[in-house]
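Both complexes shown next keep subunit A, but they swap its partner, so subunit B is in the first and subunit C is in the second.
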Partner chain A sequence: MDPVLNDFQPYLLGFAYTLLLFVFAGVLSTLLGVVLVAMRVGPVAVLRAAGATYVTVVRNTPLVIIFGFFTFVAPIFGVKFGWLDIRIGDVVLDDLFGAAVVALSLYTSAFVCEALRSGVNAVPLGQAEAARAIGLPFGGVLREVVLPQAIRASVPPLASVQIALIKNTSVAAVFGVAEAVAQMRSFTNNFSSERTGIFIMFAIGYVVIVEVFSFGATRLERRYRVAT
Partner chain B sequence: MRISTRFKAATAAVLLTGALAACGDAGSDGDDEPKVDAETVDEGKFEEGTYMATLAEQGTVNVGVKYDQPGLGFKGAADDIPSGFDVEIAKLLVADLGIDPQDTAKVNYEETISDNREPYLKEGRVDLVLASYSITDDRRKEVGQTGPYFVTGQQVLVKADSDVASIEDLAGKDVCSVTGSTSIDRINESGARGVGFDSYSECVAKVLDGTVEAMSTDGSILAGFAAENEGELKVVGDEFSEENIGVGYSLEHPEMCEWINGVLTEAFENGDWADAFERTLGPSGVETPEPPTLDACPA
Partner chain C sequence: MSTAVLFDAPGPATRLRHLVYTIVTVVVLVALVAFAVVKLAADDQFTGDKWEVFTTPDYVRILLVDGLLQTLKMAGAAVVGAVVLGFFLGVGKLSDHAVVRWPCWAFVELFRALPVLLLMVFTWYLLGIANDASSFRAVVIALMLYNGSVLAEVLRAGVLAVPRGQAEAAYALGMRKSQVMTIVLMPQAVKIMLPALISQCVVALKDTALGQYVAAPGLTFVSRQIYTEFSNRVPSVFVVAAIYIVINLLLTALATWVQRRYVGERKQLEVLATGTADQTTI
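What follows is the complex of A and B.
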């Protein structure tokens, strides 16, 4: 534990990257997930099939392979994130960070889509029919009636998906992002005699982040429950 | 009656071993690599009760090596035994125990990655570690390390048409290496930004596709990659760090230190060491240096 406490800056910097990966990928995956679920429950057959195919392909592919695709294969086809270069103090958001966010977002969005779809299925069919009956178009049905109820029903699974995302960011450690796990490996390499303490310190970091997030999710769940 | 059954079994075992050895020979005929032959261990070569005596008697040994560092410890998909300088030195040690280093039934070349070298030694899962194992004070708290049998330093690998001449030219830029390695720390200390991947070959891919301008680690490893991608990659700059690569053993068997040093000294003197170097790191253009000075064993 001492090596981490004596040299706390890399620890904080590592978790700063972890959090940034989570925030960017969390927002993007949620947006993309909503689009996907709209496609999957929508009236257009082509979009329904496209959404289902996307979920099947992406959800059945290991995250490491998706990462590998965006860091090793995509650059060959000219898909690079070289334009990305944001520097805030010691934090540098560059092309490798961009690739990590894209990989995480695309991967997580498939799970967001399915979590939301479970919520959509929980909304009684009569709700959608009633919304159609008062003349709302499909977008309106979804936006005004179905999704608000669906999101409420899917807060717990959505929270699980996002918690999985927090921990999935650790895959970026071997794809050029100096996030928490990468820093941890530097620590264990330099202070091999303190390995257990270092593991515990980094585990605590993840536990704290996840706990804060799930606290928020639980509050949200409770508030929604009152409103319905 | 009982004795004769045992005798038969022993004879069968001897014949079977002979047959297996013959098979082994047939298999390795195509290899042009010179074999390190097992030495005959005379009675009393290893003092009674030492771990070397135990190993020599049981006739098997577990050696921790790297599988992913060309020139040092590398095992291709079709290889029985990993190859490289670390492995060659390991073979010398194994042979000194009277064990045939080519016989995978007797010698288990276990893969050790950077993170499990100390745990494996402490658990006794491996008896020796020769896995580009830098000698550090912190590691010596946990395991025995002696040597060095090789001194190397970090250099920079860039595209052949790059203007970068040394690590100083890369200040503030991304330089690739393996996540959590000492090399990453040295890159960060030099003012460049270390970005970590899972293996050096992935870094090579990143340098080749231009996402990362350079990669950096021990010069000997880089030389191997430069030779593999001749005309596309080059090694530049002076060594800006010094790593002393040594042999790891368990602190439970401190007597191994003197023995390891003895074998290494012999190899330095009779040319086996230089020979192993030329065969493994020589082809990628690294000149054979003078053998390093060994550390004294802790009393």
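What follows is the complex of A and C.
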């Protein structure tokens, strides 16, 4: 534990990266997930098929390989993040960070889509039928009636998806982002006799982040729960 | 709710509009694929010598035996361990004795909140990074702890999903708690949770790819050897991804089949990462 406590800066920096990855990828994946679910439940067959294919492929690919795709393959398509260079104190958001955010967002969006779809399925039939009966088009049915209720019903699965995202940010360590797991590995490398203490310190960090988020989600779920 | 209730049967104008959407989507998708193919071709990624290795019998054997088989071994060992661990933790979480219930609850909560990669790195250093076998074991142990904790929740949800009357009837017959659990509840719970268990195998299998951070054997390791030798990084990313996707699709299909065959219309069990403070017992 001492090595971390004596040199606390990298520890905080690591979790700062973890949180930044989580916030950016969380927002992006939610937006993309909503688009995907609209495609998957919509009236255009080609969009439905495209959405389903995307979700199936992404969900069954290990996240490491999606990261690998954005590191080695995407540059060939001209998808590079070299333009990204934001410095806030010691936090440097560079091309590696950009690639990590995109990889995490694309991966998580498939799970967000599935969570929302289960929410859409939980909305009572009569709601959509009534919306159609008053003349709303598909966009209106989804925007005004079904999605607001679906999002309420899918708060718990969406929260699970985002908690998985918090943990998945650690994969960015494999591709050179100096987030918490990467910091832990370098601490352990330098002070291998203290490995258990170092592990406990970093474990506490993750548990705190996950439990705080989980607490908030539970509160939100209670508040938004559809009366049955 | 099936999707068809979200929109009316299209009239002539809407059909035309949908046709326009369809054509636009197809054009965009085809353009994206064409763009990708042209860019890859311009970068010489389709040349025979970059792909030849994946049709050479010796290398295919290395990829399948040293790569896929090792990956499956890691995932298999982890899942077996996770099932055993999950059984004890899950039953422990359902115990009437708070002294058993709370430690099991704390264990499950802790290992569900930690990234698998964190566990892998720690176990790897704990077992000694100089030892070659420790990477393999680190991956197995980390996956076992994480998936075991998830399966504990699955088992608990499965047992609680058995209709309450079953346990009550068993108690009325004079069975002991352990008999109720093993003779009445568990056989029914296993059936309910089998599809979720198979889906968890997909998670474990995908996470074996993380082993590359702790120098573990398996597909990602072999693909690294191949692309450093033949400098065909892009093809190897595609090949490894394809292998993972195919196996995961097979597992998912198996889960769906088991669900239909043994569970029926009920939704597949899903365990959530939130709101797990519930301490219901049987």
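Quick note on the criterion: the second predicted complex is superposed on the first by the 225 of 228 C-alpha atoms of A that agree within 3 Å, B and C clash if a C-alpha of one lies under 4 Å from a C-alpha of the other, contacts with A are read in each partner's own complex, and residues count from 1 in each chain.
Here, a residue touches a chain if its C-beta (ideal position, glycine included) is under 8 Å from a C-beta of that chain, and two chains touch if they have at least 3 such contacts.
Values in this document were obtained by computation on a predicted structure and should not be read as measured data.
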Return first, second, both or neither, reflecting whether A:Lys80 touches subunit B, subunit C, both chains, or no partner chain. first
Report for A:Val174: first if it touches subunit B alone, second if subunit C alone, otherwise both or neither. both
Now for A:Arg185: first (subunit B), second (subunit C), both, or neither, which partner does it touch? both
Touch check for A:Phe72: first (subunit B), second (subunit C), both, or neither? both
Once the shared chain is lined up, is A:Ala153 touching subunit B (first), subunit C (second), both, or neither of them? neither
Could you tell me if A:Asp95 is touching subunit B, subunit C, both of them or neither one (first, second, both, neither)? first
Which partner, subunit B or subunit C, touches the larger number of subunit A residues? C
Identify the partner contact of A:Ser193: answer first if only subunit B is touched, second if only subunit C is, both if each is, neither if none is. first
Just to be sure I follow: which residues of subunit A are touched by subunit B in one complex and then by subunit C in the other one? 72, 76, 173-174, 181, 184-185, 188, 192, 195
Touching residues of subunit A toward subunit C in the complex: what are they? 40-48, 50, 56-57, 59-65, 68-69, 72-73, 76-78, 120-125, 128-129, 132, 137-138, 141-142, 146, 156-157, 159-160, 163-164, 167-171, 173-174, 180-181, 184-185, 188, 192, 195-196, 199, 202-203, 206-207, 210-211, 214, 217-218, 221
Which subunit C residues qualify as touching subunit A in the complex? 1, 3, 5-8, 10, 14, 18, 21-22, 25-26, 29, 35-36, 39-40, 43, 45, 110, 113-118, 121-122, 125-126, 202, 206-210, 212-213, 220, 233-234, 237-238, 240-241, 244-245, 248-249, 252, 270, 272-275
Note: in the complex, subunit B contacts subunit A through residues 114-115, 117-119, 136, 138-139, 141-142, 174, 176, 179-182, 184-185, 193-198, 202, 205-206, 209-212
Can you list the subunit A residues touching subunit B in their complex? 71-72, 75-76, 80, 82, 92, 94-96, 173-178, 181-182, 184-186, 188-193, 195
